[in-house]
Structure formats: structure tokens, C-alpha cells
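One chain, chain A, appears in both complexes that follow, with chain B as partner in the first and chain C in the second.
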Partner chain A sequence: MASVLSTLHKALRATWRPFATAIVLIGIIEAAKRAHLLPVFVPAPSEVLLEIWNGPRLVTANLAPTAWKAASGYFIAAIIATAAGSLAVSLRALYGTIYNVSVMINSVPIIATAPLLALWLGTGPQVQIAIAALASQFPMLVGTMQGLQAADSRQRELMHVLSASRSQTLRYLLIPSALPYLFAGLKIAAPSAVLGAITAEWAGADRGVGAMMLYALFSYDTPKVWLSVLLTCLLAGAGFGIWALIERVAVYWQHDVELAD
Partner chain B sequence: MVFYGRGEPVIALEKVALQVPAGQFASIIGPSGCGKSTLLRLIADVMQPHAGAITLGGDTPRAARHAHSLGFVFQAPTLLPWRSVKQNIELPLDVVGRRSAKRSARTTAELIELVGLTGFEDALPHQLSGGMQQRVAIARALILTPDILLLDEPFGALDEITRQRMNIELLRIWSESGTSALLVTHSIAEAVFMSDRVYVMSARPGRITTIIDVPLERPRRLDMMRTPEFFECVNRVRDGLFGHEQIQVSTPREPVEAY
Partner chain C sequence: MSGETLTFIVKRLTQITVGVAVFVAAWHLTVIALRIPKYLVPLPLDVARAFQLHWPVIASHAGFTVSAAALGLTASTLFAIAVALSFSMNRGIAQASLPVVLVFRSTPVAAVAPIMMLIFGRGISTSMAVVTIVSFFPMLVNMMRGLESADRTAAELLHVYGASRWQQLRLIRIPFALPYLFTGLRVAGSSAILGAMLSEWITGTKGLGNLILDSGEMRETDLLWAAVLTSVVIALAVFWTTSAGEKRLLRWTNR
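After this line comes the complex of A and B, so read on.
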């Protein structure tokens, strides 16, 4: 418990600067808008916040569906990607195929495939879940594949000299040395799942941040457009942040070597 | 031992005959690329020889490895960074099973004391110095009471001061553990100081050219490095390593001073 608290404390200490920067920037934009220095499509931050104040239902009713659809797609992708990554590493013959399929899926433009998938899967939440999964699978697959190969040859020799079985080598060496790479993949993939779900909502959804964004765009309601942008950032950032926190606790031996967080 | 790379196969080791009596300390010394580490890896069953036989107390290397009667210390400490000092030392126990008969008569705490790391049980490897990490690796190699301890340039990465200290500690640990030891090293002084017998190897193809028995008594002390017997052995190892070259080099007009 103490370690979790100290981790939170460290995280807070690491985030207050970017947080303060954001507040200062918002203040500058607000001042510029009041001085009529900004074009009409950039609303004052206060106008965006006022939208939340006037209609909190609008926020909650749209945030929740997007969040659970993105999360569902993300976890489906996590299970499939880690399974496929493990398979690729243990069966060399499949390595190239699995990797290339994943690269191809990752390079398909979501904006074009979402309507096609909607024709195929129907207009329910399944389209957004599927797109969130497709959009977020790649970093998790790469993380699994790289991670499971991260143990160096001496460490493998050590397990060999100890006559460790395959499952012991996996448990004592390969999985722990894969964790830093796996967490990097999970972290990077979380915002992609959110963006995928939101883009998929454009192809037909009655609720969600993406739907809200589309309605606001068509009715030239700039504060609402920016509110949906803000909500998207919050969701994507939260997805990243949760994994960054879990990583700090789980990969406790690498605190000093972290490059960016 | 033959390596098949691109083009011609390379004979890495040829005509190597080497014997370590039980409980003794032997060293292999030779230039880079003479196959010292390969030889150690053959003994540890990390690689298989092309021809020839290796026996460890009557067993094949494979049988010895499966019986956990080998302790191997690598050039680098090769610790698992997520395991504490104690957990790293106990890694072989996790593999063999904690109730195994191979388990050392010593407890982990005693081994930690033997290698001088009391107080660092819960430290992670990255919090330790290089010398301390290597001591963890030695303790790990000893926890299953190996019949033979294989050391592949274990102190190669350390500075001279730490290295001498570690040499003395290793000798103390070795004499207390009662295992046989085979050390691969680059350092002539280290080989002579540590061993009962030094095998000198030459390269391409790797073979043993000279065998030197060291008459220094045990336990070894640092001041023995000043005795004539020590220098005599060092010179014989040096002759074994450079003898042929000195003959070739000394033919030109200028006499070359041997160092």
C-alpha cells in the first residue's frame, strides 16, 4: 500500500508541470479570445466549459458509451495480439505472416472501412468495438513479439545450464523480461483504441463522443465540437495514464531507465 | 569442435586433453579466440563437441547438467534484474524444487554471508556495483553444491583492485565449498595465483600447448605474489604464451626485450 501511495506521489510530482503549462495556455487562449484576436472557429475555453455546466447530461451520456466500446475493443485486441505474438515467437514459421497481417491491418484507413464494416456487422456497438480493436492491436502485438525475444543469450544459457524446462524458462525469464515491452505496447495502444472507436462512431451511432462531434460539426456548434475534442483527449489520456501507473508498479526494476512518461 | 560459418568450417578446438582432479583449482589461459570459452561451454553442455569425449566424475556433460552438478559463472553477472539478491541466488532452487536433495547444506543467508553481501538481501541488481553483482552470481552457482565450478573470465570486467580482492574471496569460497574449479582467464597473474595447475592454450586451432603445476601452498596470500616461485610460474606461463613469437621476433638485428 505504501509503495502504491509513493508511486502516486511520484506520478503527481511528475505531472504537475505539464498540468500547470496547460492551465497557463488555457488562460492565454481565453485572454486572446476576449481581445478578439482569434478566428470564429476557436471558442473561448470558458465557452467550452460552460457547455459542460449547461448540459452535464450531454457529457455523461456520450462519454460512457464511447469509453466502454473503446475499452471492450481494446481488451479483445489485447488478448488476440498477445496470443498471436506469443504464437509468432514460439512458431518461427508463422512469425512473418502474423507480423505482416498485423502491419496491414494497422495501415488500413479506418475512415473508409468503418462504413463497410457497418454494412457487414450492422449498426450496433459491434462496429465501434471491432474498429477500436483493429486500431489498437499493432503496438500490443509488436510489444509481445519484441518482449518475448528480449532475454539475452547469456540469460538463456543460464537457464540451459540450470536444466530449466521450457515452462520454467518462460516463467522465470521470458515473461518478466517481456513486461517492459508489453507495457509500452499496452500504453501506446490505449489512445488508438479511443480514436478508433470515435472514428467508427461517425459511420453511424446515436450516442458517443464521435456522434456528438459529428452533430456539432454539422450544426456549426464550435464550442460543442471543441468539447468533444476535449473529451476525446481526456479518454485517450486516461487510457494511457492508467497503464503508465500500472507499469510503474509492475515493472518496478526499471524505474531509473524510463525515458519518457 | 568445428564451427560452420560462411565459407570454410573453422576448427575452434583440436587435441585438447585436460584433467582437473577432484577438489583442485585449474585455470585455462590463452589469447582471445583460442577457444577457452568454447571449451568451458562444451564442459557445461551448452555446446556439443564434434569429436572427443568429456567426462565429469564419470558422467557426460549432459548427465552432469541434468544432475545439477555444474556451477557456471559467466563473464557478466547475468542476474535477473527483477529478482532481489536473495531471489537471484535462489533461482536454481526454484528450478530444481526447494525440497531437492541437491540443495546446499548452507542456507541462502549463509551463502550471502560467504560472499560478503549481508545486508543486501533485498537489493535489486541495478543497485549493486559490478563486483557485488558478480559475487551474487558466484553464490548462485554454489547454492546447489556443484561438483565442479566453471568460471568464464568472471572478473574480466572489474578493475585491478577489485579483481585482486575478488580473487582472494573466490579462493576462500572455493576452499570452503570443496568443489573443483575450472577458471578461464586472460590474466597470467590471476591464473597462477588461483590455480594448482595452469593450462596454456594457443589459437587457430585452439589447443593446449603447455601445462604448468603451481607449487605455491594453500591458502594463498597476496604476499605470495612477490615470491620467486610465483615469478617462476608466471614466466613459464608467459613462455608458454609467447615462446614461439619471441624466437621469431628476436632474429632481426635489434634485440627485443622480453617483458
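After this line comes the complex of A and C, so read on.
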């Protein structure tokens, strides 16, 4: 608990400056808008806030479905990607195939398949979940594969000399050295899952941040557009931030490793 | 072109042809064997007929998407090169503007696109702007990494020769950065096509994204499949050409 608190404290100390900058910036935009210096497509921050104040139901009713759709897709992808990554590392013969399939899925404009998926899976939330999963799988797979190979040969030899069993090697060497990479993958994948869910909602959904964004765009309701953009960033940032926080506590010995792209 | 590269190309082409043939055959047989209804998965021949019937439409839509992506990617590449060069020449500029760059990195396309549409309206300029912003970050990161990657001893040699900063840049840093340019293009290329299609979805301008959406809603499955396949082929073509360029240059710098 103490470590969690101290981590939070550290995080706060590190973030108060950007926070202050943001608040000052918002104040400047507000003043500029009041002075009619800004074009129509930039609303005053107070207008956006007023939108939340006037219709909190609008925010909650749209934020919740997107959040759970993105999260379910994300976790499905996480389970499959870590399993496939471990399989690829332990079974060399499958390494190339698994990696190439993942690269293919990642380089195909996956949202282009949204109408196809809608035909197959129906028009419910399944499509959005599937696309969130497909959009977020790649970093997690790369993280798992790179992480499980991160232990260097001397460490492996040491485990061998100590006559460690396979499960002991896994527990004391491979998993600890894989964790930083795994977390890096999990962090990067979270915003992609949100992006996948929202774009899938553009293709057809009655609820969700994406649907709200589309309605607002077509009715040229600028404050609502900005509100939905804000919610998008919030969701993506929250997904990233939660993992970053868990990482700080769980992998205290090393973080911010770089994934190969 | 030497004979070696020619045989390589021929080999690669046969590989691709065989792969495509196997894929199409498997597709056809699965649909027939499992009795999948036509509106779910059409037969390859039906898709081919849709291509034959609608190719002017598909080509013009694909042209819009590709040109939006290409123009946006060019703009962001030039921009990223300029920024990376100024960062590598001057530490102060780098430190002052990196936070802004980080903000750009963490904004998802879904958030950028609607704002660009409010600014640029319903046209190709929205797609271009979205592509530029989306592909800027991977380009910048890779260009910065590339300019840092110059061989230590080579740089020291130039220093001993009393080379100016400009000469250092021209003779060492830029050549060493070239493979990274292709790494950046490979990563940014797929997101550029994606960005272009996404913005077509919300703006409703001409383009593959919109064609896919429309034909999906009209239940024109054959045309839908033809359009999806076109977009996949474009994306894979971009991926393969950029990774081939990257590999070639990597051999050249001996990394």
C-alpha cells in the first residue's frame, strides 16, 4: 500500500507542471473565444463543460458502452496474443507463421473489414469488440515475443548450471525479464483498442462515443464534437495510464523498454 | 539490373502467384463445401465479376484514397525530416518542443479526424490533414533515431578532419539515417492508408473507405468484397515495398 501511495505521490509531483500548463492554455482559449478571436470550429472550453453539465446522461450513456466494448476486445486480444506469443517462442517452427499472421492483420486496414464483420456477427456490440481486439493485438504479441527472449544467454546458462527445472527457469528468469516488455505492449495496445471500438461504432452503432461523435458532426454541433473528442482522449489516456501505474508498482526494477516496430 | 536480382524477382513473383492461387482455391472450396450463403461470403468468381463490372468505380475511389494518403505521407515526411534535423542541430529546440510532439503522439486518429473535418470540411483536404498528423509521429521518431545512429568512429574521423557541422550532417548522419526513413515509412504507411479511409468514413467524400461502407449498407456483398480486397492489396503493397527498401538499405549500411 505504501508503495502505491508513494508512486501516486511521485506521479503527482511529475505531472503538476503539465497540468498547470493545460489549465493556463484552457484559460487562454476561453479568453480568446470570448474576444471572438477564434474560428467557429473551436468552441470555448466553458461551452464544452456546459454540455456535460446540461446532459450528464449523454456522457454516461455513451461513454460506458464504448469503454466496456474496448475493454472486452482488449482483454480477448491480450489473452490470445500472450498465448500465441508464448507458443511462438517455445515452438520455433511456428514463430515465423504466428508473427507474419499478426503483421498481416496489423497492416490490413482492419476497419475496412467492419462491414464484413457486421455481416457475419450481426449488428450488435460483437463487431466493435472484435475490431477492438484485432486493432490492439499486435503490440501485445510483439511484447510477449520480445520479452520472453529478453533474458540473455549468460543468465540462461546460470540457471542451467544451478540445475533449475524448466518451470523454475520460467518463474525466476523468463517471466521477470519478460514483464517490462509485456507491460510496454499492454500500454501501447490500450489506446488502439479504444480507437478500434470507436471507429467500429462509426460504421454502425446506436450508442457509444463514436456514434455520438458522428451525430454531432452531421448536425454541426461543435461543442458536442469536441466533447466526444475529449472523451476519446480520456478513454485512450485512461487505458494507457492504468497500465503505466500498474507497471510502476509491479515492475519496479525496469520500465520504459522499447518495443521493435 | 543484375541477373541475381532478376531471378529473385521471378522467384518472389511465382511465390506470390502460387500463394494467391492456393488462397483463392481454398476460399472457393470452403464456400462450396460448407454451403456458406452468398451474402456472407461470395465466391471468388463473383468477386472477380464485381471487379470487372465496377472497376472504373473502384479505381476512381482507390485513386482518391491513395492520393490522399500519398500527399499526406509526403507532407509529414518532409515535415518530420525538417523537425528531426532542427532537433539534432539544436538541443534547445528539441527540449522545448518535445512535450508538444508527445501530445501529438497520444492523440488517436478517432479524435483527430472529427476536428480536421470541422476545420477543412468534407473534402480530400480533411483526409490529407488526418494522414499528415497520424503519420507524422512515427516518421519523426525514426528520423531522430536515424540521425542519432551514425557510426561513432566515422563521426570522430570527420571531427579529426575538422569537418563542419554541415559536412558531418551531409556525409555521416543523413546516409546513416536513410534506412530509418524506410522504417518510418513502413510504420507510417499502413497508418496513412488507415487514416485516409477513416476520414472518408466520417466525411463521406469519395474514396475506398466510403465505397466499403456504402456497399456494406446496400448489401452489395460482391462489390464490398472487391473493395475490401483492393484496400488490403494496397496496404500490403505499401508494406512490402517499404520493408524491401528498408532491407536493401540495411544491407548497405551493414547494420
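Just so it is clear, the second predicted complex is superposed on the first by the 252 of 261 C-alpha atoms of A that agree within 3 Å, B and C clash if a C-alpha of one lies under 4 Å from a C-alpha of the other, contacts with A are read in each partner's own complex, and residues count from 1 in each chain.
Methods note: a contact is a pair of C-beta atoms (placed from the backbone, for glycine too) under 8 Å apart; a residue touches a chain by one contact, two chains touch by 3 or more.
As the structure is a prediction and not an experimental result, all values here were calculated from the model.
When both complexes are overlaid on chain A, the residue A:P191 reaches chain C alone and has no touch with chain B. Contact with neither chain B nor chain C is seen for A:I131 once the two complexes are overlaid on the shared chain. In the overlay built on the shared chain, the residue A:R154 is in contact with chain B alone; chain C does not reach it. Between chain B and chain C, the partner in contact with more residues of chain A is C. By the document's definition of touching, of the two partners only chain B reaches A:L162; chain C does not.
Contacts of A:I76 after superposition on the shared chain: neither chain B nor chain C is touched. Against chain A, in their complex, chain C makes its touches with residues 39-40, 99, 106-111, 114-115, 117-119, 138, 183, 187, 190, 193-194, 197-198, 201-202, 208-209, 212-213, 215-217, 221, 224-225, 227-228, 231-232, 235-236, 238-239. The part of chain A that touches chain B in the complex is made up of residues 154-155, 157-164, 168, 172-173, 176, 179, 252-254, 256. Considering their complex, residues 18, 39, 41, 103-104, 106-116, 118-120, 191, 194-195, 198-199, 202-204, 210, 213-214, 216-217, 222, 225-226, 228-229, 232-233, 236-237, 240, 261 of chain A touch chain C.
For chain B in complex with chain A, the residues that touch the partner chain are 41, 44-46, 65-66, 68, 70, 72, 74-76, 78, 80-82, 91-92, 94-96, 124-126.
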